[in-house]
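Note sheet for the following structure.
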Amino acid sequence: MAKKFSFTVKVYYEDTDSGGVVYYANYLKYLERARSEAIYTCGFTNSSILEKFGVLLIVKSCNIEYKKPAKLEEILEITSEIKSFTKTSFLMKQTISRDNEIISDAEVHLVSVDKNGKPSKIPDDLKIKLEN
Amino acid sequence: MAKKFSFTVKVYYEDTDSGGVVYYANYLKYLERARSEAIYTCGFTNSSILEKFGVLLIVKSCNIEYKKPAKLEEILEITSEIKSFTKTSFLMKQTISRDNEIISDAEVHLVSVDKNGKPSKIPDDLKIKLEN
Amino acid sequence: MAKKFSFTVKVYYEDTDSGGVVYYANYLKYLERARSEAIYTCGFTNSSILEKFGVLLIVKSCNIEYKKPAKLEEILEITSEIKSFTKTSFLMKQTISRDNEIISDAEVHLVSVDKNGKPSKIPDDLKIKLEN
Amino acid sequence: MAKKFSFTVKVYYEDTDSGGVVYYANYLKYLERARSEAIYTCGFTNSSILEKFGVLLIVKSCNIEYKKPAKLEEILEITSEIKSFTKTSFLMKQTISRDNEIISDAEVHLVSVDKNGKPSKIPDDLKIKLEN
């Protein structure tokens, strides 16, 4: 069974738009924060991965579905779970929930790249921690 | 043949991140600006659509692929083209190009909703202008 | 002695720019989150203040000084302290610190306004909690 | 008489918040775009200044006053004018107007710094163009 990472955010004014709900692009910020926190849970940071292994994890694609809007001062829970790996990439399923109801979900394809942007093997130490 | 809308943006500091490229969520801002400009080209605004017809166009899903990174002070062209309509929604293909090379493309599913968030018929006047 | 509110943020990619540091406008997001959290500490939310008392707290002016840059994945502490009140407004001193060193500070002038944007008495219940 | 730079922005959803107006931090984005455009008008870019002269212009302080709110789909004009120079810094007055009425103004203190963040002489070629 895949490891599931969980992270909580609160909606502030900066996240909302004049429609009275969270602006659609800002959900991707929540997803990125949650991925960064998953990396911290594994004992790494984006900076330490770059320094130690010479790689960055970049987003290759993001497919997000908006089911219900989120509003100011709500508390949202983001879950992140890796569905599959290749040598240089992985597919992550992320959900955004409010009161245990999924209001948005996303599939995010991440690639490990070197400093020149070329796909590069996901460091074993990181892969192990992301899996177990 | 579908009508194609075109819009140009410049990359400012606010759009970039410490990786030296445009932050992945910010491409969705460009896409939204381009969709708003397409609506203006049709003789409407988001506000006037709401006022006249009582509907808002909201994003139901967005599937974006990042092919190449954009950088500070680059000029990007966004094209927007409707691929298909239902009574209450439409699917838009959007591309982001630099020097005639597509660096990102997206499929965005938009739904016309009333003030209570219920799907509502796309106003005929708007549909006609979006199509021709 | 004035009550001092404290709040912690982490720097994510979304906050940084291609200069490798937190983008200057984004510090104002941290300040606003800290002010909202101060209100929560007092037992209110922006929404509940609007609902109960019919007022909003809006920023009239902000004077921010940038002393040192913040970087990706740093932890910053925001303190917020009210320096003075008028009937309808108050002046808040806010600082942003890293490892107990102030890297930025700001004076923010907030005004209580009604739904029409007219200055309106700060609700007593809120004022008492902000002070003690 | 000081040279005055002018730049126009449109308010998109991304700029607004659930209060129905432009979020207070986002005015600083408009100011920064206008400063970057002033630099372009002078025949430079932020990147070319860094490359040619080895300096960056960073914001040391920003004092902004919010007079009236801006709303979705409004057109705003930003003016930028340098009030005074030191060897390594300058003070800029910027205004944000709608229909020739100033809705916000700001004083922004900018410093020329080298790659280590140390104050560095403003390049003569740039200074001349900013002045005349």
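Observations on the model:
First chain written, first letter: the chains are A, B, C and D, and each begins at residue 1.
Here is the rule we go by: a residue touches a chain if its C-beta (ideal position, glycine included) is under 8 Å from a C-beta of that chain, and two chains touch if they have at least 3 such contacts.
Here the structure is a predicted model, which means the values were calculated and not measured.
Chain pairs B-D and C-D differ in how many C-beta pairs they share in contact, with the greater number at C-D. Of all the chains, the one whose CA centre sits at the greatest distance from that of subunit D is A.
Each chain gets a centre from the mean of its Cα atoms; for subunit C and subunit D, those two points are 23 Å apart. Per-chain Cα centroids separate subunit B from subunit D by 28 Å.
Touching of two or more other chains is recorded for residues 13-14, 19, 25, 29, 32, 72 of subunit D.
Residues of subunit D that touch subunit C in their complex: 19, 24-26, 28-29, 32, 56, 58-66, 69, 117. Of all the residues in subunit D, the ones that touch subunit B in their complex are 12-14, 29, 32-33, 36, 45-47, 72-73. Against subunit D, in their complex, subunit A makes its touches with residues 13-14, 16-21, 23, 25, 71-72.
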